[in-house]
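Here come two complexes built around chain A, the first alongside chain B, the second alongside chain C.
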Partner chain A sequence: MFYRENGQFKSSYREDQQLLGIRQDRWFIFALIAFAFLAVPYLASDYMFRAILIPFLIVSLAAIGLNLLVGYCGQISLGHAAFMSVGAYAAYNLVVHFPQLNFIVVLVLAGFISALIGTVFGLPSLQIKGLYLGVATLAAQFFIDWVFARVKWFTNYSPSGSVSTAQIDMLGWTVNTPVEKYLMVLAIVIVFALMAKNLVRGHIGRSWMAMRDMDVAAEVIGIRPVHAKLSAFAVSAFYAGVAGALWGFVHLGSWEPAAFSINFSLNLLFMIIIGGMGSILGSFIGAAFIVLLPITLNQVLPVMGRWVGMNFSTAFASHLEFMIFGALIIFFLVVEPLGLARLWSIGKEKLRLWPFPH
Partner chain B sequence: MKTRTSILALAAVAATLGGALAPTTAAFAQAKEQFFPVLVYRTGVYAPNGVPFANGYVDYLKLVNARDGGINGIKITYEECETGYATDRGVECYERLKGKGPTGATLFHPLSTGITFALTDKSFVDKIPIVTAGYGRSDSVDGQVFKWNFPLGGTYWGAADMLIQHIGKKEGGLDKLKGKKIALVYNDSPYGKEPIALLQERVKMHGFELQLLPVTHPGIEQKATWLQVRQNRPDYVFLWGWGVMNSTSIKEAVAVGYPREKMYGVWWSGAEPDVRPAGDGAKGYNSLVFMAPAGKGRVHQDILKHLHDKGLGTGSKDEIGEVLYNRGLTAAMVSVEAVKRAQTKHGKKPLKGEEVQWGLENLAIDQKLIASLGFTGFADPLSTSCVDHEGGSVARVQHWDGSKWIVGADRYVADQQIIKPMIKASAGKYAQEKKLAPRDCAKELTAGK
Partner chain C sequence: MAAKKNGPIAALGAVLAAGLLAPLFTGSAPGFYIEVLLGGLMAGVLYSLVALGFVLIFKASGVFNFAQGAMVLFAALALARLAEWLPGWIGIPAGYPALALAFVLAAGIMVAVAWVIERVVLRPLVAQDPVALLMATLGVTFFLDGFGQTIWGSNIYAINLGISKDPTFILPSVFQGGILISKEDLVATVIATALVILLALFFQKTATGRALRAVADDHQAAQSIGIPLNRIWVIVWSVAGFVALVAGMVWGSKLGVQFSIAQLALKALPVVILGGFTSIPGAIIGGLIIGVGEKMSEVFLGPPLVKLWDLAGGGIENWFAYVLALLFLMVRPEGLFGEKHIDRV
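Up next is the complex of A and B:
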């Protein structure tokens, strides 16, 4: 009834090509962004910002990056946390050696350095596919971990191998309260998400998707695999690098190579599988699922235990958290293999017919 | 089909949005309560060592309530949060607990060097002390830069120094170390890397050879490391492990035939869960021990009487008196004493972390106080100041005789002439990186603050 596109005529190419074609969608997204910028800063607590919202946004950005590569171009990567760490350490070194640089410039440069490394480790994708490529990117994960743990120059000769960051200064604006950090991250994530959304519907994104669906056919119609695959690796690693720099500077403040371990890589992969491969929205939903659900369970379970008159010990609650989390992953994968984003689009289709289905 | 999809959609929305709605900061009435956050790891690979420490810590908090009725009448409340030794979960726990209770968190024991590094940055904003008894950043002894960090009773630089002193003594003088080979088998994390800087300093002084053998987290796979030990035959092996890594190292030493008598662990590599899995093979293994060795004293009798006999104990009765349990007790005791000390300045009311910081910085725990608390033999005197956040560090060397730890008589004190300049340099670098202005301790003292 409310969600109908009847009567929305597109009378110019410009209108036909806009990012959000349906008026209700557009309003919804604008309202959401406005809410996130204007209302959330007044509603959320410090805990919400620092422990929930900021990590969620940063991880979403990394998941978008991985989704561009895996979901859109069909190349598996098990080393995305390593590309994040490249971004984080690149940003750290840029700040240490060029303290006068603006943080946004640092972020972008860190992204480019990460993109470069990503392209190098993407080279095997020209020869190998599928699981074998997964193993090759796994090598990237271990190699990069090793480099940051062993080569002292990257950590500025810190005795413990752990680095810590200075305050973030941007054009005289010192970003240090949780709200400021949140707003900065939010702005960056929105810009990058819109860029990704735009990218995947242009000729680059289409060449990725062609490569994903059938590489031989794509080559026949004139798409060069070298360009398509390597550009996907580069863009994806760029996103990961920016996310990694934000994770280090904004969320952790100080970190060690273990912060970007193989577990993080696998988690990113789970996010896009559960959220929905080949969907920007899916990256956000997946990140929410993997980041927020364990924390929620951890807090809600003891409370629920008290309702039924049981006092859960910390260990029991956290074992239960693992079990329920695992069970939910399997449940969602079984009932909706295409990811949670697919549920959203099913919901949208149903809404179009509501309340008078056929 | 339709209902199933809608249920699914509902579940998905609930699951994702649930996270946003669940943690609400409830308003607390101003009760006479002092809130202690407890970061624990009762699950994961380090759980065998995390559990007894957590039980000791919580048991002491319970004891203070049950026996003394709280800290001078202020009841202790506490809440555990499981970190699993992961830094990101540790940060989440910190954010979750720091505002609870009428006055917020008293102080944090992160119980992980990684979490300590992450929380150190936040302490400057939140003004909550981070107590790292026997771990954490060695340079945080410098209270002028690290106002909120308290590595009470020992740092890894101190520990490495004491071990060198001990083997120097065994060899008949530190000059005899020349040409000797010492291997450091360490957990490849900030924790394991901390002692390297000091050992390298000592290498310059005595001319021994230092071999660095990193072991990746969690340390279950060490075959390659010990093959190197077998090849190089170092004169001594220092072990800087935690949890399952320790027992694995000892087992591997047995496998390659390296004498356990020549292995020396840091104080986190010298508890019962570290040696027991290796069985008889662990006999002769040495480690440092600081603050509390294994055994029972008056405080343990109190815990049995007031808690376990009434069914209020936290863990099993068997672990009472074990090394890590006792260390948990001591950590809690020091925290409670810091609050008591702070009460002398700020009054007998629930205190904020900022006020407790003064208590930690002016700790005066002497033998008399230790005896009155029933900790004789389980704690060493601590006296902190604005400049020195460590408060003195004494350790002994113990060895495992196959069934229990035998503590040696010699007491070691770290050589401050070596460590002081290192602390100053490292803390100075931190302050510079962070653009922090160090405090002026002399000025604060005269201002009566």
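Up next is the complex of A and C:
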């Protein structure tokens, strides 16, 4: 009754093509963004910012990047955390060698460097696909891990192999409190999410989807596989690189190569499976899920343990987390391969008719 | 099609062979060289054992089983803990009797695991995209890792096969100082060989084995002559579980049963790429090549690289196998012995 597009007529192509065609959607999104910018800084505690909101936003960005590659272009990557680490170390080295650079410039350059590396490791995708490509991207993961752990130049000859960042300066604005960090990351993520959303409904995104659905047919209708696949790898690695730089500078502050291990890569993959393959919204939902699940389990399990008179250890909680992850992956692949984002859109369809039966 | 591809393969092989022989001409002691070679072969045997499980499952069900490493860990944990608990439960003497009973029980558990996986994961996902199945096995990996450590515990456990861990020197007359080998590695090789022979007999001589080979060749044809696919899948996952149990036993007695076993098993992926997804001999030879290549590169290639670029230590073996597999994918995607034609665009 409240959520339907009756009476909203499009009178120009511009209106017809706008991102959020339904007025209610538009209000909802604007309200959400306003809430995130204006209300959340007053409501959330420092712990909320540091442990939940900032990590959630950054991994959402990385998940969007992976989703562009896996969900939209159909090329699997088991090594996306490695591209994040490329971004993080690129940003670190840029800051070390050119301290006067604005942080935004550093982020974008780090993204481009990561995109370059992503394209190089995307080259096997021209020859192989599916499972084989998975192994090729694993090679990227292990090789890049090794490079950052062993080649001293990348860590600026730090004796322990870990690097730490200076505070972030942006045109005189020093970002150091959690609220400021949150606002900066939020702004960046919104811009990049918007870009991704527009990218996938444009020419490039359509060629990716054609490639995903049937590569031979896509080639027949004139899509060049080299362009489509490599651009997907480049854009995806760009997002991962920016996310990695943010992860290192804003969330971690100081890190070592183990921070971007294969488990991080697999977690990113789980985010887009649970959230929804081929959906920007799904990347956010999946990231929220994967960030919140361990925290929730750590809070809830001891309480449940007290109810049944057992004492659950943290080890048990982490094993349970593994089991729940695994079970959820299988559950979603079997029951709802399109993830939570699909449930959301089903809910919206239902809402259009509610409360009437037809 | 073979003739066109032999050029790059020969080139890659020549480079590898040159790398293999180069240390001999740069003044390394022959005894030490052979020690490294043998060490690599032994590690390769362990990789082959894990890779065998991959190949079995891929042949019969077309599933790329990422969970093979988790199955190895699960089986090894079951074996180690049952052998520890059984004497207390039913008064069976510790040592070999308990170990034997634990082995049988663990094999039974792996059959149960195979059955559950077939019911819960494979059957609902039948005829799906291979990548979806790969991700499903990722889910199985996480579940088995968590579940195994929940019920069996998450410390480091020992599997005592009663073999002395002391190294022995052989052929002191031929090489200066002799060659250092461990008895444990020899036993591991014997066990692996026995397992391969057992599998070969099973596949060639029994009716079930014939059915498995038929399914591997052509699912639809096999089904149309009345071979029940679902039961075949349970069987093949059980066999892979059994292989995982043997691999876990050998590996666990060598390194102790711990979580890193599941990670080490990731090394089996490049092995199957190298050997071919559908070939059992490929898994074995691929494992040996990866094992030898890894050790050789670490021992002989690592130090010069470290000196050349001023690295913070070697660790080449972490990625050597993968990069080798990547090169191989470029020139010969079906692997050394694989038959399957790979789609390319």
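Convention: the second predicted complex is superposed on the first by the 326 of 358 C-alpha atoms of A that agree within 3 Å, B and C clash if a C-alpha of one lies under 4 Å from a C-alpha of the other, contacts with A are read in each partner's own complex, and residues count from 1 in each chain.
One rule holds in what follows: contacts are C-beta pairs under 8 Å (C-beta built on N, C-alpha and C of every residue); 3 or more make two chains touch, one makes a residue touch a chain.
Since this is a predicted model, take the numbers as computed values, not measurements.
Within the superposed three-chain model, A:285 lies in touch with chain B and out of touch with chain C [touch as defined at top].
By the document's definition of touching, both partners, chain B and chain C, reach A:328. In the superposition on chain A, contact of A:256 is made with chain B only, not with chain C. Of the two partner chains, neither chain B nor chain C is touched by A:41.
Once chain A of one complex is fitted onto chain A of the other, the partner contacts of A:135 are limited to chain C, with no touch recorded for chain B.
Under the contact criterion defined above, the residues of chain A that touch both chain B in one complex and chain C in the other are 149, 161, 315, 318-319, 322, 328. Across the interface of their complex, chain B is touched by residues 45-48, 50-52, 55, 96, 149, 159-162, 164-167, 176, 251-256, 258-259, 285, 288-289, 291-293, 295-296, 298-300, 313-315, 317-319, 322, 328, 332, 335-336, 340, 343-344, 346-347, 350 of chain A.
The touching residues of chain C, when paired with chain A in their complex, are 64, 120-121, 124-125, 128, 130-132, 134-136, 138-147, 149-150, 154, 266, 269-270, 273, 309-316, 318-319, 322-323, 325-326, 329-330, 333, 342-345. The part of chain A that touches chain C in the complex is made up of residues 74, 76, 124, 126-132, 134-136, 138-139, 142-143, 145-146, 149-152, 161, 215-216, 219, 225, 262, 266, 269-270, 273, 315-316, 318-330, 333-334, 337.
Interface residues of chain B, counted against chain A in their complex, comprise 2, 4-5, 8-9, 12, 15-16, 18-20, 22-23, 25, 40, 42-43, 47, 51, 80-82, 84, 87-88, 91-92, 95-96, 99, 113-114, 117-118, 120-122, 125, 137-138, 188-191, 193-194, 196-197, 214, 217, 426, 430, 433-435.
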